[in-house]
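You will see chain A twice below: alongside chain B first, and alongside chain C after that.
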Partner chain A sequence: MRNLIKNVKGFLIKIGNIIKTFFWNVRRIINNFKRKISNFLDKHKINPAGKFPGWAKALLYLSPALIVLAVFTFWPIINSFALVVYENYNMTNNTITGYTIFGNFLRVLTDESFIVPASHTASSAVINTLIIVFISVPISIFIALGVSVALNSIKPLKGFFQTIYFLPYVTNTIAIGLVFAYMFRTDGGLVNQFIGLFGVDTAGLSWVESNAVYWRSMFVLIFYSIWSALAFKIMVFLTSIQGIDKQYYQAAAIDATPKGRIFSKITVPLISPMIFYITVTSVIGAFKIYNAIVALFGVQGAPPGVNYNLQSIVMYIYQFIDGSKEGQLSVAAAGSLILFAIILVLTIVQMQVSKKRVHY
Partner chain B sequence: MDKQLFIKSKKIESITFIFDILAIIAYIALFLMLFNLLQLPDLDPISGSMDLDNLEFLTPTYELLGSNLDKWQMNSIISILVIFLVVTFPMLFINIKKNKTRTIYEVDSYAVGSKFVQALINLLTFNFVGAGLRIYNTFILIKFVKGYSPKEFFQSIIPAIKKWFADRKVKKEKINEDTIDEYSASLKRSIRRQNTIGALRMLGTYLFLVLMALIIIIPFYWMVLTSLKTFTESVAINPKFFLSISRWNWVNYKVVLTELNFGLYIKNTVTVAIFSTLGTILTTIFAAYAFARIEFKGRELLFSILIMTMMIPGELYIITNFITVSKNGLGWIGMPTGENKYFLAMIIPFVTSISYIFFLRQNFKQIPESLYKAARVDGCSDFKYLMRVMVPIASPTIFTITILNVFSSWNAYIWPRIITGVGDPDAKNYWLISNALRDSTFVQDSGRVMYNLQIAASALVTVPLLIVFFMFRKYIMNGIGRSGTKG
Partner chain C sequence: MELRLENLTKVFTNKTGQETRAVDNLDITIESGTLVALLGPSGCGKSTTLFMIAGLVKPTSGKIFFGEDDVTKLAPEKRGIGLVFQNYALYPHMTVFKNILFPLENMDVPRDEAFQRVKEMANLVGIGELLDRKPSQLSGGQQQRVAIARALVKKPRVLLLDEPLSNLDARLRLQMREEIKRIQRETGITTIFVTHDQEEAMSISDKMVVLDFGKEQQYDAPQDMYNQPDNLFVARFLGNPPINAFEAEVKNKKLIINNKPFMNVNVPDGLYDVGMRPENFRVHEKGFETEIKDIFHIGRDTMIHFEFNGKNVRALVDSDSMTDNQKTVLLTIKPERVYIFDKETGKVVNHA
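What follows is the complex of A and B.
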């Protein structure tokens, strides 16, 4: 028995040695081959590392990203200009009936419920979007400025408050939107309960359900978009306020400058580039509002049983992809190019202004 | 300072962590066991779905360790376990972080006090070994900070309290107002006035901050509260603002996970998140490296083209991408049932991101070029340099990108919705969590909207995000602050 074990052990060691020598041999052969190549290269004075062009190496590193980007980012940009000139593009069998230059744009611009409110409704996509942009952006910027100045002036609990204000940024828009819709219910909703505390009769006071007046459901939408947009603005304003040189404040403190004056003459001018940047980005963000509307009012974009619609420009575009007017992708492309044009103008304005207005 | 004592305390703390972790594992195991036991309504033999209308009228009894528990006792036990988890898990997480970074100079009476409070929490959460070890540790730290042995410490308590009262009495002795002159009196008045104004301003600031914080917090509170209510409570005219722990209906979550299929949707979302994040990390690192270090013709041009595409709205892409992945393009969707590759269609378009390439390139650029040259002189290839030097240095940024990308996959709504909305009956099994949340029907046959279940599903989507956020708060907030200020 002991002999057998010894034999087996010896056998295993032998096999192990064979494998080891095999790999050593392979390594030696490869190294020899390498040496031969380098000898050859040296002989003919070729230096591969020097001759290997930079772009080939770059292409190797860039190719995974560029392939995906080419298919899903660059091609769509080219293709949407192609789609716009198709007439009656049919997605299922990939056919068109002809070409038009402005036909699809005209269809969008003259469409009921894009700019001009449809006869049976009181609102259109552009009007809704503009209302959201012009109300929610200024209010949220004012609140965010106030909060970040207040946060900057305290020491205890600062991190705690900062964390809480950041919470809306990391939440799911749809999930919290459903919670908001639930909070604004007519019977037994939290908001109606709260208003009821002040003696207002809340029976039948509807916000997001049937019989909701346009301005009430718009209020909920704007409230929700401000609530969810605050986090990012507070964050950015706070970092830029903390970056202001303390000397300005010390000088102001020696002169016993009132707080309001410090705010308007030191803080705001010094962070004005950031305020401007945030204004433009949040205007762009508000133009693209979509998830909040879907979360609050469903895919139709309106409370049930009302004669208006709360759809935004993006929602108008998506109804051609999956929605009431499914399949008319050319019109959708025209709509998205119009949205792109708006955003492009805003971005150019931002770039020009931020070049000129540098405060420090 | 006695260094040996500090090292000893650190060692004991790390032993305590083992028991903390064991306790948490025990809570989780118990929670899962009891959660599995929770009884659901019977399946309807005809329609195959549950009758959720009488979910709240079920009164099952559970047998546990030889005793019979009714529904309310079961709810209480599960609630207590969840509360234990909510308290102990963050405590463990913070303690491990602190134990790693705490230096000998940071140990003060405050640290001793917090250790004692932690021992009490351990005691309350039935982690007796942990509590004992922590109390022992407290005495070591007292010895370290004050130099008292336990006996001396107990003897010193009463004199210390007496001294404190005596000190307060001395402070309260008034200065006689008549003896000070006019000038110092007016100075004193003005100082007092300024102090009052300062205090009032502080009060106002805090009130404002608390009010705003309440507006932020209330939806979350209301969500968690409603998700545990019964249907009748969730639609009551006068909603309850607090529930006693026996009324927390954990069965809501079980219904959402099983009957409403949210378990499957979570699995889908996690799959998509993992693969798209892996892809994003790989492609982003390589592309950012190429833009940051490799010199080639047209680098700046290519990069500025990429940056320019960042301002194009996503709707423009979605229209064509929808054509690309459908029947006339790559054929991933829109095919007959069973031949659709929904996962490919949901992952592949998102395996790279221009904004992350930009973000990471900025980070790579901050690494000194001389490091690269030195490595090249030593014969280090580009790939090796990237993997051995760049990636480890930039790992916090890469981690931030990972988290942000997982978040965006978790929150993706419109693309999965369009993909799965093409009329395939099988498509429902490929929903991601957000479009499941919006498009699942929470309406019963009787016409009731099951608000409590809907909100429970919302909580199920939100809570994981919040947990990850609280764990990696620093990375997320830094990443967003930086990318915001530089973009």
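What follows is the complex of A and C.
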């Protein structure tokens, strides 16, 4: 038996050596070829670097990504600026009735489902999105900070817990949304069963189904978006907390610093660049919220039979492309540019605020 | 504040269950107001000892006393120590002022008094004008001063310095050495300081502890330790150029070198390790004749290489006592500067 293992081992080593020798020889051949080229160039006094400067080489290497970006990102952006000045653009036969500068913007801004809702019981896309952004982002950042500090101080099963908290990140959003919708069902839903334990009458207490009050379905939506955004934030915070020099904590321990002060005066300032990065990206991400709403409430963006709508800005834009008001690309372009402007302004504000608070 | 270590031991166990005695039965009393250096090669347990005194590492056994208080089980923050880390651990996002203020913010100190103390301490360490800067805008020496100020501002009972000079360049190191000594004198605080540099330890400390593999080798004033090393390790560790160590036999109370009697020694016959410091040799007409292998003139002194019992030996003698093209030299050495060590234990043997 031992002999057999020995033979197998020897055989594997032999195969490994053959493979390594093969790659070694391949490299030799390539190097030889390169040497021949450079000898040839030297002989004929050709200096390719002189004619072909470094930045051109860099551009050549970047070109595959640049081409894809140009076709699928830059061109649509430029195009949306063009689209927004067309009046009554018809996508199918590519005709317009004229040009307008503000017409499409006015159409979006005065739309009852965009900014100003039709009545005090209804809601609008901007209001919905702002509620989601300004509630879910701060809460999820605070929770993520707390969880990552806790995960960092945990000793046994460290890797196990870190994996568990990262799992939602690799899980499908739609699938999780469906699970959430199931959990929040009126009859026999996990949540209703749970609060029923405390003596609350859950009959007809609906969250995501018909008769759900605006704030109840909004709560589910925010809960869901906090939860699904948590994993990535925790991972980023945890990595940056692990990168902090242990000596700061030892120094703080010797100075009898309370736990809360260690967190607020040492941990948070030292990872503040990461907190800033996460804040900016998650505000942008939350403004673009779309699939969470679809997962919970379907493409209508509302529980069935209610008089309000949980539509986000992106959903509002999308209905002009491929939805109830299909084909009105100019209006969609105007909506996108408004969303772009909102995100731009908010990001600039965040950058200004961060200048004082972020320590690099 | 007198500091006492009683049988202090730290055993690290790795994953395979292998035990390393980083600190082994350390029994030291550090008198109040002295500056003591923990000296040893890397991995000898000197930093572990310091961290055990600080409370950041728990000892496996043994006790630590600050005066009469047993602090062995006490958390670091309750011990009243100031610790200066090897790379200072200054909070990068705080100004110098905030850094020094930080320990006071956790204590029950009135605001005005706290500010006053920060300013006093900054002036003491000589960074009074730099209070608004961030640590990244300071030089290494200035950062070092801030770290010392931060450690001292809460008036600790003991100041601990972990290799405080290792991150500084050579010239700054000399300057900070004197600074640390001055600050220690002015505050009169009991200070322990870890280093692997014997020259640094000798120039700065009142007493030093030499450690090897976690064991105390000798605890003495620097010059006494240099002149009367307890064992071969200490003799070898101190001094630059290092001590010459070679084997020699004692026959009929005579030390035999190169098959000739070198001097009379009062020890039993046998084989010994012998140590002689290069600078203790003198050229004298009644000296021991030896053949020169090599000769280097280095200004004031001349370094001679020769062989004692097959081992290369160096002597540092006055340049005036040597002539050019000398093939042999007559050397003497004071009997008390010849160290004879037991071959088995390495301990010094009294031969007077």
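Note that in this section the second predicted complex is superposed on the first by the 275 of 360 C-alpha atoms of A that agree within 3 Å, B and C clash if a C-alpha of one lies under 4 Å from a C-alpha of the other, contacts with A are read in each partner's own complex, and residues count from 1 in each chain.
Note that contacts are C-beta pairs under 8 Å (C-beta built on N, C-alpha and C of every residue); 3 or more make two chains touch, one makes a residue touch a chain.
Small disclaimer: the values here were computed from a predicted structure and weren't measured.
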Joint occupancy of chain A by chain B and chain C, clash or fit: fit
Which of chain B and chain C A:Asn3 touches, first, second, both or neither: neither
Touching partner for A:Thr92 - first (chain B), second (chain C), both, neither: first
Which superposed partner A:Gln193 touches (first chain B, second chain C, both, neither): first
Partner chain in contact with A:Arg261 - chain B first, chain C second, else both or neither: second
Partner, of chain C and chain B, that touches more residues belonging to chain A: B
Touching partner for A:Leu337 - first (chain B), second (chain C), both, neither: first
Chain B versus chain C - smallest C-alpha distance in the overlay, whole Å: 5
Contact residues of chain A, present in both the chain B and the chain C interface: none
Contact footprint of chain A on chain C as seen in their complex: 54-56, 75-78, 81-83, 85, 87, 89, 91-94, 102-103, 105-107, 150, 154
Touching residues (chain side chain A, partner chain C) in the complex: 245, 247-248, 250-258, 261, 265-266, 269-270, 272, 359
Chain B to chain A touching residues, read off their complex: 201-202, 205-206, 208-209, 212-213, 215-220, 222-223, 226, 235-239, 282-284, 286-287, 289-291, 294-299, 302, 306, 309, 311-324, 326-328, 348-349, 351-352, 354, 357, 382, 407, 410-411, 413-414, 417-418, 421-422, 433-435, 437-438, 451, 454-455, 457-459, 461-462, 465-466, 468-470, 473, 476-477, 480-481, 484-485
Complex contacts: residues of chain A adjacent to chain B: 53-55, 57-58, 61-62, 64-66, 68-69, 71-77, 79-80, 83, 91-92, 94, 143, 146-147, 150-151, 153-154, 157, 161-176, 178-180, 182-183, 185, 187-188, 190, 193, 227, 230, 232, 235-236, 239-240, 259, 274, 284, 288, 290-291, 294-295, 298-299, 314, 317-318, 321-322, 329, 332-333, 335-337, 339-340, 343-344, 347
